[in-house]
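Below are structures written as structure tokens.
Two complexes follow with chain A in common, the first pairing it with chain B and the second with chain C.
Then we have the complex of A and B:
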């Protein structure tokens, strides 16, 4: 590549590297800053002296956050919602996508149209709320996991993937006397690990990060997930009266540190799984985009 | 009765579909039918589909409501500005990333760039509020060095759109660039070699080879995002909303939420929601139709 030797190109490479460095910094600095705020002494935080390195290192903010009784309950609720929601969604998506990936299935086109229409036109917030209410699901976990168990877009990804599995593999299993249910479990699903992994991760992130449905459907705060509590902490309605509480532990924790600690502790689970699973995330997007 | 061989073979597939179809009828079409509430009067404790027909009463109500039109205008403005910026930047980012020669560094940058896509919106807004805080925020203490008085960014109506759009860039630029990065990596290297032979420099190659090669991807993404442009990040807007910035931060979705679930004007809010939903449906269908005509790609 001749152009690589030109002076102009060398300058471009330098500038480009600087741009990339700045971008990476712009993404990471908010996290580093919040992490240091959560670990710093209140005097430094209030004075606005904390950059991306903690000043007056201490873990008191985390101690205070985890002493807060609703946080622990919130974590339990979040885990419960995430596990149940993800499992239910994967099950529903699979039994819906597998039959629809069979091109010879009569009525397939009509069913796909029936499903995909809901991708473009949905009932909207109020009718959905009224329905959930009239079904008596308010204040139960089913209000969180049932209405959203099949996302048409994820269904599309799964159908596309199943449709790409060679028909011959299933044909030969059928000749061996296996029924469709067994073929699905024993042959199709093991061959679909990439899409299952990608969707599992999308769903985990969706349920873990969700707070809005809990806000409107769960009046009982004992059932609130941790994101809902973090939202209350950030808006200032939770951990109120923390001036008194701060006094208890020697004034070392500021409100900002408490908020930062709450934010960091709920994002940590996502941060921890991300490096190991990011290749599946990207794969999930690509499966969607190659569909012609 | 004789069972046809077709049914014998496909019976199991239809059995699998029973539960999903029931789900779609109840939870997806139920609320769609529930939109009749927009034309009917709701009585607390009564049917969710309302008690009596009132025709277009609720539509006339919001049509004559200046606060609805303010929300409508805010939605359009924010959508257009957001689309213009968040559509262009991922393309530029992908092009620049493509020029990084070291494969490992490239992967690391890309991975970091799309991590924010998985950060909860509550957390994103929480971070914004901390960083932009007038008392302890890093931005205001930085501005303080230049003698600028602290600005209460999240309360100022004039800053709302800037905050919304910049955080959208932060959250989604990397993620939205993945599709272009993939398109770039599949460009035939022979095309570059041929261009090189013709004496084209890197800039010339970008203009004459790279961009035409990824143009189909760009146009598909553009049409799809034009179609779905009104789907703003409702939760983010709701979290950023304060009474003092409501002049710019009230959009149709938050208007529906406030009217319906906070003030219990269910029929009124349903009417507004239905109106917004129909505009969205028209845009998406148009985008999808054009996309299929031009490139053969469509969502359905």
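Then we have the complex of A and C:
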């Protein structure tokens, strides 16, 4: 630990901290600006007077967003899609990746090739749509969660991770009389918490943010997720001629605040998930599990 | 030991994989039967009760779809139908149309079909030829004659002479976009409102001298927006894909290689060079543009007259109590005193060809015909009798509650009226009452008298093969045109030196071929 006392190290710490602070500021300031725009009065926003502190504080923009007839249903649908999609994906990825991570599996290379092929080539939008339609999934939640439950890239991550678990651990479990399913559930999965946590986070963010599939496959507002509604609000406020009608004259809500409020109310929930999964990322579970 | 164990394990894994496959099949089968039942119910009821009509609906964020709108209820009651509405966000509506029409899953009725999507699909036989059923649509026929709209309707008629859509019509063109200027500043510096482009340059120059930090002219909606709103005055609009129809020579011409367009470029590059135009003239977002206008950084722009109320209110608070942006008559350029292009048919309703085989088809045509009746148009525009409007001595007007609500438009939207998906015609007396702006009304009167509205752009009637080639070439030409326009205006290319190269290049990239295709259609 002697190096910590050297002058070079002190300089390194100073410069490092400055760079990190700048980086944090670059991320935090736009976010705070958007937050304060969402809480400010129209004339201050349009006058360009809003920095990172709200001017003419009011919640009207949020009231406006939540006045939308489908937004509450939208939140419910988003949560449902996200929970179902993430659970299903994790399940499918696990049971697909585990066997494929075993070198002794016959035809493994061919199977992997089939799956990886879809990473680079896809059927295209309309053929995929027609497939979903022929499977009878149109206008159901399955159209949103099933076709996307196995993402080749995530599968690759998971396979690599499973493959990295020393075979000796599984062998000894097998000697103790465990079958492959119980080995997977009792030994492998507990050892794979970091990758599971990472993928859960990716999947949650993916399903929460994905409005496109819902737009294509769902016909009914009762099923639309909140992101689709928010996207419509945002792009609508971009239309001139239309925008005048969105905010009434003399009203405290400008289109900029409305947009900011819509973005805030949908990104905040997802941001709250990060702290809960973060602790799994750094953990080196595997260290020391193999002896000699 | 290891070998044996490996084999056993791999068999287990194989079983696991089979299980997964089976499970996913079961899952999809379950949900599959669910939707099939629903589809059957929608089309089965052809008996006495209200017939169900499925409809794709363009969900506008200003008035998000609400199933309990009184106007929607009234529509279903009066026409004795049940509308099963599939709302799709406006932002992605035309995209979804593309997918739905390509895959043959379109519902009975589709609203808000834009011209490009219409032209793309009408030729493929996906859409029902409406003109074949005109005898069953007397109301539509009557309205088309009444509004004297044949010139515009011609742009929606295909090479086979058939119409594949039900037009959504404005009774009259409106002067609702205009050049707007800060009249309080004109008064302050004793300037005249500009009537020609040269005068505009002088006025902008004087205003810049008065406030050297300002950029007098701003713009929203990018380069194409500016061309849309001011192109006719410069003689380079309205265009179809950049092509003008010259009625004298009876030929199409490419607008963006013309002498007029060269002048247009010179004008804006001069504004840019002298700091008279906002450096973000082609890139400002609506919010940025609004900020520039409301803070007094810019004092001249082309925009919707309906936007001015809000900006003036914000400007009075931020800049000066005298702040007033006001619309002007068209500023004359080489094209004469011409306003913005004034389309009276912006989009159409469409019925997919497949609907003709469904049992509810007769009822569907009946409903569509009803949509063009005065009764339906009244409900769709004025709303509910006694609630949003009153009729007195044959004159209709909004109720006081609506008038005093702050925004007539919004009050109508709240009951489902003034909705592009339900109504088929916006009548002039109604629309001017909704805009509720005496300036729009008087300027529209003047525009009609003085002939400010330019003729609509003529759309060539292409064969499917030509259409395909058009799409391909047009993309290349358009990209190049946009790039060069920016370079000329920002002075990265010199108009004196590089113009001939530009003309030659764009001709080679496809303009020559497109001209050939378009002019062939006239023979």
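What we mean here is this: the second predicted complex is superposed on the first by the 231 of 292 C-alpha atoms of A that agree within 3 Å, B and C clash if a C-alpha of one lies under 4 Å from a C-alpha of the other, contacts with A are read in each partner's own complex, and residues count from 1 in each chain.
FYI, a contact is a pair of C-beta atoms (placed from the backbone, for glycine too) under 8 Å apart; a residue touches a chain by one contact, two chains touch by 3 or more.
On a predicted model such as this, the values are computed, not experimentally measured, just so you know.
**Q** Under the stated touch criterion, which partner chain does A:136 make contact with: chain B (first), chain C (second), both, or neither?
**A** In the superposition, A:136 touches chain C alone.
**Q** Quick check for you: in the superposed arrangement, does A:28 touch first (chain B), second (chain C), both or neither?
**A** The answer is first: A:28 touches chain B but not chain C.
**Q** Applying the touch criterion given at the start, work out whether A:227 contacts chain B, chain C, both or neither, answering first, second, both or neither.
**A** After superposing on A, A:227 lies in contact with chain B but is clear of chain C.
**Q** Count the residues of chain A touched by chain B and by chain C, then name the partner with the higher count.
**A** More residues of chain A are touched by B.
**Q** Output check: A:20 vs chain B and chain C. Expected answer is one of first, second, both, neither. What do you get?
**A** Touch partner of A:20: chain B, not chain C.
**Q** A:216 in the overlay: touching chain B, chain C, both, or neither? Say first, second, both or neither.
**A** both
**Q** Which partner does A:105 contact after superposing on A: first (chain B), second (chain C), both, neither?
**A** both
**Q** Between chain B (first) and chain C (second), which, if any, makes contact with A:70: first, second, both or neither?
**A** After superposing on A, A:70 lies in contact with chain C but is clear of chain B.
**Q** So in the superposed three-chain picture, is A:180 touching just chain B, just chain C, both, or none of them (first/second/both/neither)?
**A** Both partners, chain B and chain C.
**Q** Could you list which residues of chain A make contact with chain B in one structure and with chain C in the other?
**A** 46, 48, 92, 95-96, 98-99, 102, 104-106, 125-126, 129-130, 133, 135, 146, 179-181, 216, 231, 254, 256, 259
**Q** Using the touch rule from the top, collect the residues of chain C that touch chain A in their complex.
**A** On the chain C side, the touching residues are 5-7, 9-10, 12-14, 16-17, 19-20, 24, 27-29, 31-36, 38, 59-62, 64-67, 86-92, 95-96, 99, 102-103, 105, 176-177, 220-221, 225, 285-287, 289-291, 294-295, 303-304, 306-307, 309-311, 313-314, 317-318, 406-407, 409-410, 413.
**Q** Flag every residue of chain B that touches chain A in the complex, lowest number first.
**A** 6, 10, 12-14, 16-17, 19-21, 23-24, 26-35, 37, 48, 93, 96-97, 99-100, 109, 111-116, 118-123, 125-127, 129-131, 133, 135-138, 140-141, 144, 170, 174-175, 178-179, 182, 192, 196, 201-202, 205, 217, 235, 238-239, 253, 256-257, 260-261, 266, 269-270, 273-274, 276-278, 280-281, 284-285, 288, 296-297, 299-300
**Q** Can you list the chain A residues touching chain C in their complex?
**A** 42-43, 46-48, 68-70, 92, 95-96, 98-99, 102, 104-106, 125-126, 129-130, 133, 135-142, 146, 171, 174, 179-181, 215-216, 219-221, 228-229, 231-233, 235-251, 254-256, 259
**Q** Given the complex with chain B, which residues does chain A contribute to the contact?
**A** Checking each residue of chain A against chain B gives 1-4, 6, 8-9, 12-13, 16-17, 19-20, 23-24, 26-28, 30-31, 33-34, 37, 45-46, 48-51, 92, 95-96, 98-100, 102, 104-106, 111-116, 118-131, 133-135, 146-147, 149-150, 156, 179-181, 184, 205, 208-209, 211-212, 216, 227, 230-231, 234, 254, 256, 259-260, 262-263, 266-267, 270-271, 274-275, 278, 281-282, 285-286, 289, 291-292.
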